[in-house]
Every structure is written in C-alpha cells, then in structure tokens.
Amino acid sequence: MRVSVIGLGRMGANICRRLMRGGHEVVGFDRNQDAVRPLVDEGVIGAASLEDAAAQLPSPRIFWVMLPAGAPTEDTIAALSAIAQPGDVVIDGGNTFYKDDIRRFRECRERGVHYVDVGTSGGVWGLERGYCMMIGGDSDVIRMLDPIFATLAPGLGTLSRTPGREARDDRAERGYIHAGPAGSGHFVKMVHNGIEYGLMQAYAEGFDILKGRASDKLPDDERFTLDLPDIAEVWRRGSVIASWLLDLCAYELAGDNELARFSGRVADSGEGQWTIDAAMEEAVPVNVLSAALFARYRSRSDERFADQLLSAMRFGFGGHVEMPQ
Amino acid sequence: MRVSVIGLGRMGANICRRLMRGGHEVVGFDRNQDAVRPLVDEGVIGAASLEDAAAQLPSPRIFWVMLPAGAPTEDTIAALSAIAQPGDVVIDGGNTFYKDDIRRFRECRERGVHYVDVGTSGGVWGLERGYCMMIGGDSDVIRMLDPIFATLAPGLGTLSRTPGREARDDRAERGYIHAGPAGSGHFVKMVHNGIEYGLMQAYAEGFDILKGRASDKLPDDERFTLDLPDIAEVWRRGSVIASWLLDLCAYELAGDNELARFSGRVADSGEGQWTIDAAMEEAVPVNVLSAALFARYRSRSDERFADQLLSAMRFGFGGHVEMPQ
Amino acid sequence: MRVSVIGLGRMGANICRRLMRGGHEVVGFDRNQDAVRPLVDEGVIGAASLEDAAAQLPSPRIFWVMLPAGAPTEDTIAALSAIAQPGDVVIDGGNTFYKDDIRRFRECRERGVHYVDVGTSGGVWGLERGYCMMIGGDSDVIRMLDPIFATLAPGLGTLSRTPGREARDDRAERGYIHAGPAGSGHFVKMVHNGIEYGLMQAYAEGFDILKGRASDKLPDDERFTLDLPDIAEVWRRGSVIASWLLDLCAYELAGDNELARFSGRVADSGEGQWTIDAAMEEAVPVNVLSAALFARYRSRSDERFADQLLSAMRFGFGGHVEMPQ
Amino acid sequence: MRVSVIGLGRMGANICRRLMRGGHEVVGFDRNQDAVRPLVDEGVIGAASLEDAAAQLPSPRIFWVMLPAGAPTEDTIAALSAIAQPGDVVIDGGNTFYKDDIRRFRECRERGVHYVDVGTSGGVWGLERGYCMMIGGDSDVIRMLDPIFATLAPGLGTLSRTPGREARDDRAERGYIHAGPAGSGHFVKMVHNGIEYGLMQAYAEGFDILKGRASDKLPDDERFTLDLPDIAEVWRRGSVIASWLLDLCAYELAGDNELARFSGRVADSGEGQWTIDAAMEEAVPVNVLSAALFARYRSRSDERFADQLLSAMRFGFGGHVEMPQ
C-alpha cells in the first residue's frame, strides 16, 4: 500500500523504514524538512506540506500521524481533517489520551473521515523486531489497513505459543489487536503503561531493600553487602520474576552497580495518571499503580510541605496547644 | 498510697507531681541524682539507688518505671525483678514493645513478682489534665493499683459523655482502661500511635494539595494561592475533621504559614513499625497506616536507590537491551 | 437581608431557619411545594417558582442554591442565570466540583451576574451550631454577603483560641473564610473531604487490628480480646488522637461493639476522587488519601477480577507455562 | 559427588533426578518411605533414617534438606546437626526465614558443622531447565559444593547475555550466586518473592481496569468490552511489560477469559510479610510491595470490621453525636 507518515522523529522514521521493508510505499512529511531529506535517500517520497502529502496519495488516503501527544498531534489532526476527503483515514499512532480519540473520531466522522487510534509499543527496537500495536476504531477500516499493521507488527517469531489460542484471532499472536471502538487502542496502551509503572516500582523497591541491607544500623550478622548486578543477573535465569524490565536492570547494574550516573528524579508521561483516573471512574482499587505513580512525584521533590507539617505537629506535641480533655 | 517512680525525666517528674497532688507519697529515683533533688524540694522522697527506693516502700512495693524504651527500661526492670519480693509490683509506663511485656510478665511471675504494662498518652499536658492510660496485667493487681490510676487519669471532666455507656466500666470515661493480660496495655497504645501516624499523614497530604494549588503549571483560573492558616482555623470550627492534631496544625501555621523552620525530615519512634507488624500477623490490610510510616522513611532520604533504578530502566528503554520478541 | 434559598431539603431548610433566627428574611423555593409549606409556617416567604422567588427579592437579588451536586444544581443555576439581572448573586452552597464553579462563574459574569461557591460543612448540627463555610468568588461580592455568612457561621464560641491569630482575618475564627477566586471554596471543601476519608480509614484500620488481635491463629499469650468501646472511649480522653470522628466511633461502638447492623459496603461521594485528581494535577504524592478511597471501592466488591488473576497466576506456577530460560 | 537429599516431595524428587543426570550419586530419605521407593527405581540410594543416610555418605557428608519451612525443616536440621560430624554440611534448600538461618549457622558452627542456605526458584520446570539459586554461607564450603550447584543451575543456555559482565563472577550467568554470609541466600530469595507479589499485583490491577471498562455506569462511548486474552497475548509480543508472569496471564486467560474457576482468595506464603519487615528494619519505603501483600489479605476477607466502622462513622454524621464547636 502507499501510505503517509506525518512526523519523522526517531519513531516515525523507523515506521517508514519498516513499512518500506515490507514492500509499502511511504510518503513522509515533517514540519522540519531536515528530517525528511535523509529518509528520501532511503526511498521515502518526500512531502513539503500536509497538502503535498495528500496530493501524493491514492484514494482513500492514509495518514499515519506519529507526533508527540498534546498540541502537536492535536493541531496536525485538525489540519488533516480539513484536508481529508470522505473515506480517507487518519491514524494517531502516538500517546494520545483516549478521550481525545473519542472526540476526534466523532469530529472526523462528521466529515466522513475515518479515525483510528493506535497505541504503539516497542521503542527503538521496533524497526528490527516490530511494533506491538493496540488499535481502536471501526472494524472495516482496520481490516482495510491490515497490510500495514501486519508489516509493522513483530509477527509470530520464535516465542513459544500460548496453548488454547488455536481458535482465536491470530492477530494477537502476530503482535497487534483490534481492541474495540475509537479510543480503545490508546486506552489499552495507557493501562499497559500504568502496569509498567507498577512493575518498575516493584523491582525498584526490591533492589532498594537489597541495597539497604548493608546499613550499619543493622546487627552485624543481619547486615549483608549484596552484589546487585549478580542478583539481577541470576534472577533473569530461571526465576519467576524474569522480564524484559529485569533485563534492563541487569544491564544497567552491570555497567555501574551504584547507578551513580542516574539522578533519582523520575518523570512520568501522563499515562500513569490517566490510568488512575480510569480506575477511579470504574471504582477499581489500584493501590499498587497509584503508589508507583506517587513514588515518581516524590522522587522529584527535594522536600515536601506535607513532611514539614508532620514535623510541625510533632513539635506541637511539646505542649503549645492545650490537650483535648 | 506510697509508690516509687523510677526515672525522673519530664514525664516521670510530672507523674510524681500529679501523684502527690492526689495525696500519694512518692519515692523517686533516677540514675542521675541531679534529677532527684528538685523533686525532693517538691515533696518527693529521694532514693539513692533502686535498693534504697525499695527500702523506703511498704510491702507490697510498687515500682513505676518511666524510662525510655529499650535498654534503659529493660536493664532497670531486670534489676528490679532481682530486688523485688513476691507480691511486689513492677509497672512499665514507657513505650515498650508488647512482646517484651509478655516475656517480662512471665519472668516476673516465676519470682512471684507482678508485672503491669501501662501505655501512657498525654505528654506535657498530663500534669494538669491527667494521663490517658491503657493497662495490661492481672485484674486483681490492677484493682489494687486503682487509686494510682484514678489519680493520674484525667477523670470525667466536662467532655460530653458518650450515650449508652451507663452500664459499662466507668474507668474508660475517667481516662484509663484495663485492656487485658500482660502486653495488652502497650499493644493498645501502640495501635493508638499507629493511628496517629495515619491521621497526621492525612492532614499532611491534604495541606500539601492546598499548597500545591499555587503551582504556576496549573491553568490560570485553576490556580489558587490559599491561606493555609485560615483554612486550618476554619476547619477547627464546626467541620467534620476537627481534632487536636488539627489544632496543632492551626497553631503552627498561625505562627509561620510556610513552616520554614521545620525541616521535612520526620522521625518515627517504633510504634508505627510495630503496628504494621501486628497487622501482618493478623493478616489485616493497612494501606493507610503503612503509607503513613513509609512517608516518614521517605522524608528522611535525600535520594533513594529505588528512584535511581527507575531512571536507569527508563534510560534502558532507549535500546541498550534487546526487546523481548 | 432578604435572600432566597433554593432547595429546601434538610440542609436548605435548616439554613432558612438559621438565617431567620439571625434576623434575615428568607424567600424559599423547592420544586416540591410540599417542602415549602411547613417552612412558610415558620416564617419563610414561599415562592411558587424561581421567577416568583426572584420577584419577591430586592435588587441585587441573592439566590442561595442548596441542592444535590450534578444535574439538579446545574439545571437550577442555568435557569437562575437566565432569570437573574446584572448585579444579582447566585450562590452554590452544595458539593459542586470546583471546575464547574469556574465555568459557571465565567458564564454568569458574561451576563453581569455574580457567582459564589460555598463549601458548607456541619451537617445536621449546623442549625444549632452553625456551618463551617469555605467561600470562593469576588471579594466585594463576598463582603456584601457578609451578614449572611456571619449568621450562618458558628461564631467564636467557647473553643480555645489559636495563639498568634490576633492580626489575622477574624472570619476564620468565626467559622468562615473567603478562600479565593471562583471555585476555591469548593476546592477547599473537597480537600477537607479527602482528608476526612484518610482520617476515617486510619481509625478503621487501627480498630481492625485491635479486633483481629483475638484471632485464634495467634499464640495464646499474644492473643487479646479487647473491649473496643472502652478503647474508643479512653482515647477520647486526653489522647493525641482525640477528634470528633473518634467521638463517632465511641458512640457507635458503645451501642454495638460488633457493629453488626452496619454492612461494610462504604459509599464515596465524589470528593475523594476529585481530591486525588487535584493531587495528580499538582504531582503531589497522596498515598494515604488514595488508599482511603480505594478501601471504599474494595469494600463494595464481593470479589475482584484482580484477585482471580492472582490466583490464576499462582496456579500457573504449577508448570503449565514454560519457564523463562 | 555423593550427596543426600532429605525430603522427597515433588521438589526434592526432582532435585535428586537432576543431580543424577549430572552424574552425582544421591542418597534419598523421606519420613514417608513411600516417597523413597519410586526414586530408588530411578537410581537413588534409599535411606531408612537420617542415620542411615549419614552412614551411606562419604566424609564430609552433605545433607540437602528440601522440606516445608517451619517445623519440618527446623526439626530435621536439629536432628541432623546432632548426627553430623565436624566438617559435614547441612544445606537448607527450602523457604526458611533468613534469621533462622543465621541462628542455625551459629548453632552448627559450634559443633563444627557447616550450614548453607539456598533460596531455590524454578518450580516444576527446574528438573528440565535447572534451578535459579541464591546461596548464603562460607565461601570455601560453597566452593566445595560447586559441582552440585553447577549441575542444578540452568547454565548459560541461549538467553542473550548481559553486556559488561565479562569480568564478573560467571556463576550468576549460569544461574546461581553466592549472595553472602549465612542467611543471605534466603534473604535474597525472600526479596525476590516480595517483588513477585508486587509484579503480580500490578498486572492484576491493570487487567481489573481493563475488565471494569465494560461497566454500564460509564458513558456509552467510553465503555469498552475488551478481549483480555488477546490483550495479554499481544503484550507478550514486543511490549515493554513482557515477562514470564504475563505469559502465565496469557495462558490462563486463553483457557477462560472470565477466570471463573478461580476464586479470588489469594494466599501468601510468608516471604511477602518478611520482605516488609526487612524494609522496615532498613527504613525503606515500600508502598508497592506492601500494597500487594495487603491486597491478598483483603482478598481473603468476606467483610472487614474496618469497613463496618467506616459505615458506622458515616451513619454517625447524621447527628447522633454533638459536633465540635
């Protein structure tokens, strides 16, 4: 198929490449034309503007938008929905909030334009290994786009297969799913990221305990100076908590067991917060996912007013305020 | 009655005074004789040693130990249990771990000595207002000691009475209870402190949100610069969250709405941790009480290895480690 | 002053009464005219419709809306803002989400109408004791309304005063504050309720531990059958955790120490969730407030899919799935 | 080497088998002789008693104890330490609390006997794939036992290697480590299990949110009926949260997307609790690990007194108890 990719950052550029390797033709556009040129050398059909991209596409035109969430995506999709003809397809492959997808889907539909949201995981490995994709939108549109998704996804590979899936939709095994209606693709990706925060924090707390065991406040025979790189490595090998995130821990600890080059100020990108919001809308208790998010907030604070107030109350115990009778 | 008080720090000294005001005779001992002398001026019968204190008491001799938990209390009670005669009573009024009480009770019983644990709340206001006491041990011994407890306790006072308590043990209304067997006094006091941590953290988080509302990252019309001293004050007056701890907040905030003189490094004294331990022994979920304790741990850390590991994993996303297939 | 009260449920009716006791004239309206009649007997000027209420008010007309949050309040305020003349004042005394206040303030302002949000605490005791009020809106409007707030508020009373407040706005001591611009009144009330959830859960967990201490899984000498009514009572008297919420615990436990008539399915009214949202907007860690909210969610679930999935994973340990190498 | 395995349950039996496959001779004992016989058919040298096992071993005699933690292990090790000669080695391969290891190590040392603790992960797959082992004790003893550990461990296998480990102890890559002194093996295994609880709960909460999205309380266009088996499957393929635990989820969900055959009553085996204890000894905040543990406690409760007390307080709001002024 011939499709356009709007936004040629690292992620968008790699999507172009993987599409071309799969035999597709790609029209590429980026507001920064310096990002377009090297891809043209690799075979991408360069576009000078959104209109130019549209002009180089057959009908129905397919726009894969791969931009930072928020204003860049919002503005581009607004512009595209003005350019698009009935039957055209706008795909948001970024990290959009799912309620924005629902609204945009409705707005596009009013103009006869199809809107598809794709939660994309895989990062820099996606080019080689493929992207894990969670897709929201209308079934017939998503079926029509299948050659694109099939190319971008990892495919079956050599991973051991899950028994009992013989009768099920095989797209999941090939690394992509049609999650449901508009917004559901980004919704599932959002929860994925919420889980990711929880997993990361579980490892982080565990290693923090291991490291803290060297504290000289502990009795001599209960104090252990543990080799964290070796522990991360051995856990990768046959233990129940083996995972790709643990592989990351093992890699980084092998390089520097003190992790001295990392500050402990940890950003969050929005999905963690949205996940908690979604849980509250459903009245689902999520103590682990919220604690993981709050740990990141706390990590970015040098001190907190909350703690100062605790100190103030403790000081107040000293007798400044008359006790209740 | 004539009783001894062992340990004449601020708390012990005030207990002597309140006992004397109630008509009791007090033999006072402290390893630091400088702490004894001023109390002798106030009417305390000074003792030069534990043996001397014992010698000045009628039988059965009553020893109220008011020392820091841990070694000071442990060593003194060991010494007393050697000095004590069958029928004598050793009272631990400090903040002892309840399992230590259970062991000591057993050890004392083997020598015919009575052991009573008293969880004491009230701080510096106790002298004027009385001490709230939770008592563990044998019923007949605690009944025998009743004149002491009745004197130390606040008494009925003017607090509105709880309806429906007419047929109940009126000691609770007068500010002390016989909680149960050995250790139960300190157990109840321990849970009291666990709750206290939770309450304090609830206020702390709430005020932190109020303060954070001035953040310039918020939209203009959702940004409020709130007057925290006024808010604490108004909540004292007719609101559902009125409490003595809130009175403390109001007091401290009135003096300095930035709480600038308080570092946010908050100590914990052991009871919070023991409360979590007790909950885990009973399989009781205590997310609030544990979160309150952990907030204090976190407040004392400049940075945590946990957070550095999160940063390291996030860095690792960048492609150093091969993705799972 | 002559003001109208729109919504004559228990809360609205008591506000009418307290206003009249303070010498104000009250025009009362309720969609349910059966709610109006008894108040007319007490001196309220009955109104048959919002328009009728408006007609009986001097200019500028003051509408105190006291309705359930959500559609009832929203619809009524929309209707009032159509009826109101420039200079009139619409007050929302309910439990509205503060962002709705901000929007309504803007909408009213376009018509020259003043909008004031009042977070009101005090419940059924408010009639006698007065209402604790947190007020958002324009200063001059709130100053104009001061006679109403002064009447409704508790006043100084006999509560011990907070030292250091001599130079401060004395409205807080009399039980009401002007918190800030539109929305800030309900914002402060929202955080108040968030804190309330945290406080309640701290007590709940503590008493749960006390109750669980009778478990026959514990060693004999560490098992205590504690008298919870007595413990709640004694903690009211001189302890650090004394509060009105503890008074409630003591009262309910005195009536039934098993609390057998209470199911453990606990509702939440929105403010808890909004408080967490506000905290996340500010990146404030709130592990206690969120845990308190989630405990309520969990209390309303007979079983959770989360727990079933844990069981499923544990079952899977048994060897159905090939281990990682 | 010739070693004995004490305890021939599923785990112990498989350890015998893997040792024999690796060329070792195994003397097997179980109090239940029915467990011994089938293994004798496979080549194990049967023993009728601990003494008999000892008699069939060369010096220094090696006893690998593979029994349930607690009394079975404790009693057997006490018996062995009486039978053992100076220089003999007692290995505890079970799930012992690390402080018990520290004590036993000391007790054994007094008799000249070596004690080694081995935290063993791998479950039923261990026979084929090998066991991931974390070992505590004296270096020379552990070096002497190396042929056993090397046989039991997975070995290098085909897992991609962690860069930067070239100069490090290669035992970690082969699936076992000498963690440190006595107790450290089980300590590291304990933290491993604590992390496991956290990881499992993160997935559980995430899938609970996904499932809850079908709630009919949500707006129509924000309600999604998601296919959880497909989501688990697609996340295994190229996503950041791929792990063996997720493989388990995918497997169990593929069999039954409602997990109807699983009750949500989730056991915990002690390590989770010990992990929290260890964290508290070190003052490490562990909100995720504790929340994961508490979720299991809660899952086993039909109702909780905590929740009833919340309801009681909420009822009390209604005016039974006089408000604070």
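Letters are used for the chains, namely A, B, C and D, taken in the order the chains are written, and counting of residues starts over at 1 for each.
Note that in this section a contact is a pair of C-beta atoms (placed from the backbone, for glycine too) under 8 Å apart; a residue touches a chain by one contact, two chains touch by 3 or more.
All of these numbers come straight from a predicted model, not from anything done at the bench.
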item: Required steps from chain B to chain D (each step between touching chains, minimum); value: 1
item: Most widely separated chain from chain A, with each centre as the mean of CA atoms; value: B
item: Selected pair, greater C-beta contact count between A-C and A-D; value: A-D
item: Rotation, 0 to 180 degrees and nearest 5, that superposes chain A on copy chain B via CA atoms; value: 180
item: Interchain centroid distance [CA atoms averaged], chain C/chain D, Å; value: 47
item: Between chain D and chain A, distance of the C-alpha-averaged centres to the nearest whole Å; value: 31
item: Distance between chain centroids, defined by C-alpha means - chain A, chain C (Å); value: 38
item: Contacts with 2+ other chains: residues of chain D; value: 122-123, 125, 129, 154, 157, 159, 163, 201, 203, 205, 208, 212, 236-240, 242, 244-245, 247, 251, 283-287, 291, 294-295, 298, 304, 306, 317, 320, 322-325
item: Residue ranges of chain B touching chain C (in the complex, touch as defined); value: 98-99, 102, 106, 121-123, 125-126, 129-134, 153-154, 157, 159-160, 162-165, 168-169, 171-177, 179-184, 187-188, 191-192, 194-199, 201-203, 205-206, 208-210, 212-213, 215, 217-218, 221-222, 224-227, 229-231, 233-247, 250-251, 254-255, 275, 278-279, 281-289, 291-292, 294-295
item: Chain D - residues contacting chain B, complex; value: 160, 163, 236-240, 242, 273, 276-277, 280, 283-287, 290-291, 293-295, 297-298, 300-301, 304, 306, 317, 320, 322-325
item: Residue numbers on chain C that touch chain D, as the complex places them; value: 122-125, 129, 154, 157-159, 200-201, 203-205, 207-208, 211-212, 244-245, 247-249, 251-253, 259, 262-267, 287, 291, 295-296, 298-299, 303-325
